[in-house]
Amino acid sequence: MRRYRAVASGAVAVSLLATATACGGGSSAGGGGSNESPKTLTYWASNQGPNIEADKKILEPELKKFEQRTGIKVKLEVVPWSDLLTRIMTATTSGQGPDVLNIGNTWSASLQSTGALLPWDEKNFSKIGGKERFVEAALGSTGAAGSDPAAVPLYSMSYALYYNKKMFADAGIEKPPATWDEMVASGKKLSKDGKWALGAEGANLSNNIHQVFVLGKQHGADFFDAEGKPDFTSDGAVAAVKQYVDFMAKDKIIAPGNAEYAQNQSLSDFAKDKTAMVLWQAAASTFKSQGMSDDEWGVAPVPVQAGAPGQGKNVNSMVAGINMAVFKNTKNLDGALEFVKFMTSDEEQKLLCNTYGSIPPVKAAQSDPAFDRPELKVLRDTLATSAEALPQVPSESQFETVVGTAVKNLFASAANGGEVTTESVKAELAKAQQQMPQQ
Amino acid sequence: MNTTAVPATGEPAVRKNSPGAARGTRRPGRARRTALPYLLLLPALLLEILIHLLPIVIGVAMSFKELTQFYLRDWGAAPWRGLDNFRFAVDFDTPAGESLLKSFTTTCLFTVLSVGLCWLLGTAAAVFMQETFKGRGFLRALFLVPYALPVYAAVITWSFMFQRDNGLINHVLHDQLGLTDSPSFWLIGDNSFWALLIVSVWKGWPFAFLIIMAGLQNIPKELYEAGALDGAGMWQQIRKITLPSLRSVNQVLVLVLFLWTFNDFNTPFVLFGKSAPEAADLISIHIYQSSFATWNFGAGAAMSVLLLLFLLLVTGVHLFFTSRGRKATDA
Amino acid sequence: MHSSPETGTAVPRSPMAAPRSFVWSRRIFLTLLTAFVLLPVYVMVSSSLKPLEDVSSEFRWMPSGLTIRPYFDIWETVPLAKYFVNSLIVAGAATVCSVIIAIFAAYAVSRYRFRGKRLFTVSVLSTQMFPGILFLLPLFLIFVNIGNTTGVALFGSRGGLILTYLTFSLPFSIWMLIGYFDSVPRELDEAALVDGCGPLKALFRVVVPAAIPGIVAVAVYAFMTAWGEVLFASVMTNDTTRTLAVGLQGYSTQNDVYWNQIMAASLVVSVPVVAGFLLLQRYLVTGLTAGAVK
């Protein structure tokens, strides 16, 4: 009797499941958007300002402006970074999401492969003023090559070398290093008496990826081959990871304690004159909140192996930034495009990028004098001439997780006095590669 | 069918004192009699099915599918993979399988230590505080504080204390006591296991303390009086009377603590973030990494199903032995 | 015998005075334990009183340069009051519903014989064995499908979160209450039935009042379950419905981690909970006595 009951209840559950899976994403299947509700839009903004409340205060007046012009009311939600990707994933699964949203530009290809985002073909681009309005480098990080972009660039950013002027003066160093050899040489002068030359966020997976990706470029290595298959153990990739970890392990210019940093502790070390240099994107506002005034630090391009920053082996930054995407199943397609057009207009770009301390990916907005500050000039030039997008492959986020973790593990062993050899780096990367999805 | 209440909570003493009580509550009217208990259960049953069982069933189905980002939008279209996800998970020759196995053993060790320590601290504190002394009420209140703090707040504070360069722990161990030659890492490397254990025990022991303190109050006074007459001292009374009387409490407590600790996600996630150090790579974080972080929900679900089977086995064995033990003592 | 709920104060172990060895062990053990419990609390208090640039410096027992600014800033950085109210609503509603539903279920199991009783109690237990992380997507999907077919919006609303949390706390609540109801003498509700009360009246007039401490215990447990949950809250809430457990993370952003404000906010929101706890702890102790224990 009891067994019969168990079987019966199992059968009920399975039939329920069948319904649930059949319905799963049903609402989002069927593709294209409609214009059923032309008067409202939901917008998920990412957290760009000092905190979520500040973001709301910055964006609300702009949304009001948009409403006055078009009569479309935009419902804003600023989603914290800790939740954004999970929220997008659940929205994708269920078909219940915002109309317009911000995404980290490195997620573009991964999200593109879910098919949930509106492809930006010629037609859609023409509705926001055409593809040509955007900076080439920023467009490079909007989806897989050869297919229509899944998003358009909204705010751009690149890496620069920030240095502590006082610590440089005390160590008798006149100018910031332009090559890694100079970095190590200056670094050895700076690293003494409890002070260190370079800061790192050793336990922050994304930051690790950004650094080793650029070093990989400089060693002539990509982490993916031409077909988009992972290739983590090439000589160049191994050399790049080893060079980065060796700043701590061999050159001893990164403090061992940085191996556990993941919450921007390296920036507060910098502000406290404990670390002389950090590689960062737009750190000015953080320095200020840590009690460091603007004239105490300087900015220079990130070093390269030899020569001056440029393309190919002289890339010195990844293309960082935020893209704006439209959910395919939006009920207000025209309004969504109108809103993207508004947010990427010259006027809004100047205003928002200036407020957030980022670089406008829109060419016309870049020439605004507001972006001529020395810091932004370095960032802008880097973005324009020597930045390259992270691999635009569907498995990019897996790459960040597994290779970022590999670098974290290597830092951890270096910090504990372990030796970092070409073999140990290669073994760690091989392990990472085996965790990638089989294709 | 049977009259036993929840097996784990055991047969209440009272029931033996009023045999046949259940029959007495029956009211006349056959339909009413059979329907009422089911009606009473209905809300709980519906919720459990909707929120717990159905997602588990879907989870089990997911484990047979290739559910990656390509199929996230339309689960129905995801191809069935049969047992591939399971094979992938338990293939201990590959790094994925090997790390799952390692994570599993780490979790087992961690759970046993954490539950053991929580139980030990809880029991010791409860026994020591059984007798009235000055400040007992205050301490009892104080000891509940870790249970009342929001998990995120408590764990982030611990991570702050465990920092290598600026943390309190190293300040005490290294700077003040000089126990270590150089400041140690707690959030990365092998020590992270101990850091996680400390946080978990700090958060978990007050619950054990509460339950055991409550259990102590049910021990009949007469037992102690009889013990005292026999000349048993304080320590002997604790060993001979207090601890054995706590047996049925412990059966429930240990099982519940075990299940909660084994599946705990919040503590390691707040302490270490998305990627836990290998030494503290608990199974829940591992599953998170294999599903959310790498967008492979099929593989994550397969691991969860294996975990479910393991925990079912453990619970079954636990219930089997404890209920058999109880029958023997009750008889 | 078994102490009734009303008189559930601690039973002195024996009439004789505690020996010195016992008193000393007790002193040492409780001192160490107090230090262990208080250490993080001390860190929270002292860090919450420091300016941001001092918090991330080397730890010192005695902070220099105290400020109460963080206690004002916390309301600006994050809509803390709103999150607090949300948490209160969600945890409060989940607690009330969970307790009522658990009372019904526990009463059925405690007082009636019926088919499937064991199946029910065992399967309720087994729900505790599946890692929560894998519930997330299926549950979200179920909620969305319910929304599409019935028009009841469960995702993003407080309702969905309340439903989720109350179900999370149900299994343990039911267990505890079964044990507790079993300890309420059956003669009491039988007498009520003989007097002509219906079973529900007997439950609420007789059994529930006799079991108040146990119910309080279950309520505290259910409240804490809902109060501290992070994972589901992060996905199932939006701007307007976000709860504290998730909202506290708002003090750490991409570039800045406001440690002092995290600590200050944690303390501020915990004070009412701890205070409520202290008021209830007497009931809680007696409540758990007969519940999970017997």
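When the chains are written out, they are named A, B and C in that same order, and each has its own residue count from 1.
Just so it is clear, a contact is a pair of C-beta atoms (placed from the backbone, for glycine too) under 8 Å apart; a residue touches a chain by one contact, two chains touch by 3 or more.
Keep in mind that what you see is a predicted model, and the values were worked out from it rather than measured.
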With a step meaning a move to a chain it touches, how many steps does the shortest path from chain A to chain C take? 1
Of B-C and A-B, pair with higher C-beta contact tally: B-C
Using only Cα atoms to place each chain's centre, name the chain farthest from chain B. A
Rounded Å distance between chain A and chain B, as computed from the means of their C-alpha atoms: 37
If you average the Cα atoms of chain B and of chain C to get two centres, how far apart are those centres in Å? 15
What are the residue numbers in chain C that touch two or more other chains? 56-57, 115-116, 137-138, 141-142, 246, 249
What are the residue numbers in chain B that touch two or more other chains? 1, 53-54, 58, 75, 165, 292
So which bits of chain A are touching at least two other chains? 2, 20, 24-26, 86, 89, 93, 95, 265
Chain B touches which residues of chain C in the complex? 1-3, 8-16, 18-19, 21-22, 25-26, 29-30, 33-34, 36-41, 43-44, 47, 56-60, 101-102, 104-105, 107-118, 120-135, 137-139, 141-142, 163-164, 166-168, 170-172, 174-176, 178-179, 182-187, 189-190, 193, 199, 224, 227-231, 244-246, 248-249, 259, 262-263, 265-266, 269-270, 273-274, 277-278, 281, 284-294
Within their complex, state which residues of chain C touch chain A. 51-53, 56-57, 76-79, 115-116, 119, 136-138, 140-142, 144-145, 147-148, 155-156, 234-235, 238-239, 246, 249-258
Touching residues (chain side chain B, partner chain A) in the complex: 1, 49, 53-54, 57-58, 61, 68-70, 72-76, 94-96, 163-165, 183, 185, 187-189, 273-275, 277-278, 289, 292-296
What does chain A use to touch chain C in their complex? 2, 5-6, 19-20, 23-27, 47-48, 50-53, 76-78, 80-83, 86-87, 89-90, 93-96, 263-265, 267-268, 271-272, 283, 285-286, 289-291
Listed in rising order, chain A residues that touch chain B in their complex are 2, 13-14, 16-17, 20-22, 24-26, 28-29, 86, 89, 92-93, 95, 110-111, 113-116, 202-203, 205, 255-257, 259-260, 262, 265, 394, 397-398, 401-402, 404-405, 408-409, 411-413, 415-416, 431, 434-435, 437
